[in-house]
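Next up, some structures in C-alpha cells.
Shared chain: chain A. Partners: chain B in the first complex, chain C in the second.
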Partner chain A sequence: MSSQCSGNQAGNYTGKAPAVWPAKINQIPKEVFGDKDLFEKELENIFYGDCWHVVGHVAEVPNVGDFKTFDLGRVPLLISRGKDGQVRVFYNSCTHRGNQVEVSASGNRKEFECPYHRWLFSLEGALTACPGSKEFAPDFKQENFGLLEVKSAQFLGLILVTMGKNTPPLAEWMGEEVTSTLSALLGGDGRLKLLGYQKVSYNVDWKGYNDNDGYHAPMLHAGFRMLNWQGGKGFQRMAANGNLVFEAELKPAQDNGFLKDPSLIAFKGSDPARGSMIVQLYPTTVMVKHLDMINLRFAIARSEEETEVHYAYFAHEDDDEELLQHRIRQSSNLLGPCGMISMEDAAIFRRIFIGNKTPGVAEFQKGVTSFTELPADLKQNDETGNLGRWEHYRKLMGFKREGGK
Partner chain B sequence: MSSSSLLSSQSATNRQDKVSVAVPDRFMWQGCSAMETQWRVERLLSRYVACIDDDNLEAWPSFFTRDACRYEIITRENVERGLPLTLVFCMGQGMLVDRIVSLREANIYPQRWYRHIVSNVVIQAVAEDHLEVHSHYVVLQTRRNGQTSIFSAGKYKDRIVLRAGELKFAEKRVEADTHSIDTLLVSPI
Partner chain C sequence: MSKTGNLGHLAAIDALHTAYVAALDKGDMAAWAATFAADQASHFCISSENDRRGFPLALMYDDCRGRIDDRVSFVTKVWVGTYEPYRTRHFIQRLGCEEVGANQYRVTSGFTIMMTPEGGSTSVLTSGEYRDLIEIQGDRAVFRERRAVYDADVLPRYIVFPF
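On to the complex of A and B.
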C-alpha cells in the first residue's frame, strides 16, 4: 500500500489517507484532502484534543451581557461577558437536557434562558432559576448545574480554548517566536475595537485552507504586484506546535498608475517597516496586519470539504476619527472574499483541493534543503515554512513515515 | 374580540396612511409626473443590472454621478449590529473604476454568470434635488458546471439625482441579507 504515496508517478488513487507517509519530509499524500473518515479522526485528535483553538477576541463582546456563539468542530460554544467584566467560554448547551441555549451569532442579554424548560443562567454561567425544582431528582443541587465552562486562556484579548486534558499552557504551546509579532499585530496591547465581519464559506477542508492561507501572496496575487509591492525585507519563522510567523516591510506604495485613487493604500497609523505581519496558529487560525488593517480570521472546520471563515476586522481603541475611517475604507476593499488583493483565495484553494484528488503526493520545493529534517532557517517566501505544520499534523494523527518513526 | 380586531385594523390603516403621507400618489419631480418618475427609476435599475449581468462592467461607473458618489455593499448582519465594515466601499469615480480594472486585470476567479432580479421598487422620499428609492434584489449565480444558485438577496437603498437629463446614482447602498459569501464576491451587485 505504501507505494501509492512514494512519488508523483505513483499508482492507484484510493481517496483514503495512508497511515504510512513517504520518507521524504517534503511529500504529503494527496489523499489527506477530502477523506471523510479522516475528518472524524481529526476532530477527535486535533479539534477536541490537546491543541489550543482561537475562537474570538474580547473586542467582539465589549459590553457586559454581550455574547457570541462559535463552533469548535461540531461543538457549539457560547462566549459571554459577565457582570464582572470577565469573558468566559461555555458549552452552548443547557445543563438539563442539552438544548442549545443561544442561537444568535451575537447579541446582548441580561441572562441566558433555555426555552425548553425555562432554565435561566446568569452571564457568568450560574443556574439562577429552574421552575419546578421541588420535584427534581433527590440529588439535584442547583449550584451544580451552571453552564459548563470550556478551558480557555487569553493573549491580549485573543480567546483560545482547549478540550484536551494534556494541552500545554498557552504561552508554551504558542512558542516564544510568536509573541512579539502577535503583540504588534494586536495593536500592542490588544485594546481593539470591532469594525465588522466578512464571512465566507470555502469549499475545501481545513487543511487545504490552513496550508494555503499565508504562503502564496507574492506569486498568486497580481494585485500586490500591480500595486508595486514586490515585498520588502522580512522573515518567516516556525514556532512550536505547527505555529508560524511572518513579517515583512511594506514600502509605502508608490503610485504606478494602476489605481485611480491610490489613497486607498496609504499608511496612516502603522510603521511600514512592520507593514505586513502574519501569525498562523495551528490548526486553522490566520491573523494578519497589512497596511492599517487588523484582520483576525476565525475558522470553523465544518466537514472534509467545507471550512467557514469569519474575517473579523478591528481598529484600535485609541484611533482618531481619520485613522478609524481609513481603516474602515481599507478593510472594506483589500482583503477577504471581496478584497481587490486577495479575493481569489477561495477559488484557488478550491482548485488545489480538487486537483489533489489524484494519485501521488503534493511536493514542496522552495527552500527544501533536507529530506529528513525541518529547515532551521526559513527565507521569507520559502514554502518549507508549511512543513512544520505538516509534521505536527502527522504526529498528532499518529501517521508514520516510510522506514522511520 | 370585536374591539381588538377594530384596533388592529385601525393600526394597519394608520401605517398605510403614514406611507402615503410621506410620498403621495401624485407629485411632480423635475418636471415629471409620479408615474413617469417611477417608470424612469425602474428603467434606471433595469439598465443598471443589465450592465452587470451582460458583463459590460466598464460602463458600470457611468451609472453614478461624476462628482462625489458612493457605492457600498454591506451585510445586514453588520448593519443590525451597528458595525461599519462593508464588503465593498467605493467613494468617487476613481474607486469604481479601480474595482473594475482590478477584477479584469488582477483577480483570478472562475467564470460565472450573474442574473439580477429587481422588484418592489418604492420611492421612499422625494426631495427637490434627489429621490430616495428602495428596492429588492436577488442575484442568481450560474457556475461553469451549469448549476444555478441564489448568490445574494437583499435590498438596494439608492439616492438618485438628475444630471444632464439622466438619472444617476449619487449613492447606492446594497444591504445584503446573505452574509455567508459563497467563495467570493467579485462583480458589483
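On to the complex of A and C.
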C-alpha cells in the first residue's frame, strides 16, 4: 500500500476558529469562516461592542413621521424622524414588557403604538399614553419610560450607532483618511434622495462578505474587459479601526460595439478625477460612488452563514431630471445582486465561504512586503488593503499570533 | 369586442406566456428576448417594496430594446463560468386581460419561480405579479412591456436570469 499526495500539507481541518493565529500577518485561518460559536463572540465583541455601525441615511426617512426598522446583529432598531426634524435611533422594543413596537420595514406614523398594552410613543420616543397607569407599580413615572435610544452619530446624514461603553467619538473612530472621500461619495453635502432598494440575503458569514465586497482584483470582472473599460489611476488608504478608502479616476469606456445601448454606462457627472470611490467602514458597511451611482450597502450579520444586504441607491437633491433618470437606470442595472458589474462579486462571496471550509490558511499575496507589519503604502490594486481589517478583527477578538502579541 | 378580448387573441397571449416560460426554464436567453417586440420593448423586474413605495429603482431596468439584447449578452457571454448555476420552473396564472388599444392588451398574471441550484434541492425563488402590455402582431403576441413585480422583500440569492 502506498499513499500519494502531490499537494501541500496543511494539517487537520477542525471547523473551529483557533485562538492563536499564524505568525505571518498575511495568513488568515480559514476556520474563521462559518464557526457558530465564533459568531456569538463576534456579536458580543464587535457588533455589540466598541465599534460604530452604519444603519442608514437620513434620506431614507425624509419627512416627519418617516421610519425604518433595521437590525444590529439580533438587536432590533427603530429609526424615526421626529416633529423637530431630528432622526433618532431607538431599540424597537416597548419599555413595558419588551414587545417589538414597529413591525414594518418602513413607513410613516403619527406615533408608535405597542399593541400589547396600548402604550403609545411619540415620534421623538416619549411615552405619551399608557392606559391603566393608576394601578402600576408605586415607583412608575411615565417620563422614565420613553423608548430607549441607542447612542448614534451622523456624518452628512449617514447614521451610525454603537452599543459599546468605550467607543471613541465617530470622527476619531473613522479616521481622518475617510473624511474627504466619504464627503464626496455622499454628494459633498449629504443632501441625498432615495431612489429605492435591492435587498438580498447571501449565504456567507459577514467576514466573507466584508472581505470581498467593494474592492478586489479587477480581474474578476469579465465585463470590464469585454467593454474595453480600463480603470483609471487612483489610491487606496487604510484608516483607523479597519476602515478603508479607495478613489480612482474614471476613464469612460471606449465603445467597442459590445453593448447595443452604451448610454447605460455614460458618465454625466462633473468630476471624473473622483469618478470612482469606495469607503468601507468596519465591520460590514460598503459605500460606493461609481459613474453616476451613489450606493450605500447596509448589511446585517444574521448568522455564521448568512449576511443580509440592503443596497440603497440615491440621487442628489439638486439633480436635474436628465441626471435623475440616468442614475435610476444605471443604478438598477450595474450594481447589486443582479448588476452587470457586481453579480460576479455575489458569486464569489459564496465560493469563498465554501472553499474556506478546508484545512490551512487563506494567504494574501499582492502587495505583501512584510510578514509582521501592515504596509504603510498601498498600491491601488494591492490585496493587502484587507489586512488592516483582519488585524483589527484579530485584536477585537483577542486572538494572539504565534510567538507574539 | 368583450373586455377580455377575442378568443383568438387570448390564445395568442397564452401562447406568449408559454413561450416565455419555456425559454427561461431552458435557459435560452435568445428565445426569451424573442418574446419581446423586435422594434421597441421594455422589461423591468422591481421589488414590490419599491413598487408600493413609488421608488423607481429596479433589479433589472431594460427600458429599450437595446437593453434587452444587452442583458442577453451579459448572461450568455460575460457571466459564463462566474455564477453558481441554477435552474428555474415558472408557473403563471393569468388574472386579468383588458383590451386597451388596437390589438393591445393590459394583462396581469401571478407567477411563482421555483429554483434548483446544481446539486441542491428545489425552493421558491420568489413569487410576484407580471403587469404586461401585450400586442397582437399577425397570428402571434409579443411583449411591448413586461413588468415583473416580485414579492420577496429580501431575495434568497443573487440573480442571473430575468424573472
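FYI, the second predicted complex is superposed on the first by the 395 of 405 C-alpha atoms of A that agree within 3 Å, B and C clash if a C-alpha of one lies under 4 Å from a C-alpha of the other, contacts with A are read in each partner's own complex, and residues count from 1 in each chain.
Quick note on the criterion: contacts are C-beta pairs under 8 Å (C-beta built on N, C-alpha and C of every residue); 3 or more make two chains touch, one makes a residue touch a chain.
The model shown is predicted, which means the values in this text are computed figures rather than measured ones.
Trainee: For the combined arrangement obtained by superposing on chain A, do chain B and chain C clash, or do they fit?
Mentor: When both complexes are placed onto chain A, chain B and chain C end up clashing with one another.
Trainee: Per the contact definition in the header, classify A:Ala19: touching chain B only (first), chain C only (second), both, or neither.
Mentor: neither
Trainee: Once the shared chain is lined up, is A:Tyr197 touching chain B (first), chain C (second), both, or neither of them?
Mentor: both
Trainee: Could you look at A:Ala171 and tell me whether it touches chain B, chain C, both or neither (first, second, both, neither)?
Mentor: A:Ala171 sits against neither chain B nor chain C.
Trainee: Applying the touch criterion given at the start, work out whether A:Leu264 contacts chain B, chain C, both or neither, answering first, second, both or neither.
Mentor: In the superposed model, A:Leu264 contacts both chain B and chain C.
Trainee: Considering only the touch criterion stated at the top, classify A:Ser331 as touching first (chain B), second (chain C), both, or neither.
Mentor: A:Ser331 sits against chain B and chain C alike.
Trainee: Per the contact definition in the header, classify A:Val103: touching chain B only (first), chain C only (second), both, or neither.
Mentor: neither
Trainee: So which bits of chain A does chain B touch that chain C touches too?
Mentor: Chain A residues touching both partners: 105-106, 194-203, 220, 222-223, 226, 258-261, 264, 308, 313, 328-329, 331-333, 336-338, 340, 343-344, 346-347, 350.
Trainee: Please output the residues of chain A touching chain C within their complex, sorted ascending.
Mentor: Touch residues, chain A against chain C: 105-106, 194-203, 220, 222-223, 226, 258-261, 264, 308, 313, 328-329, 331-333, 336-338, 340, 343-344, 346-347, 350-351.
Trainee: Given the complex with chain B, which residues does chain A contribute to the contact?
Mentor: 105-106, 194-203, 220-223, 226, 258-261, 264, 308, 313, 328-329, 331-333, 336-338, 340, 343-348, 350
Trainee: Which of the residues in chain B come into contact with chain A in the complex?
Mentor: Residues 72-73, 75, 77-78, 81, 83-95, 97-99, 101-103, 105-110, 179-186.
Trainee: Going by the contact rule at the top, pick out the chain C residues touching chain A in the complex.
Mentor: Result: residues 45, 47, 49-50, 53, 55-67, 69-70, 73-74, 77-79, 82-84, 153-160 of chain C touch chain A.
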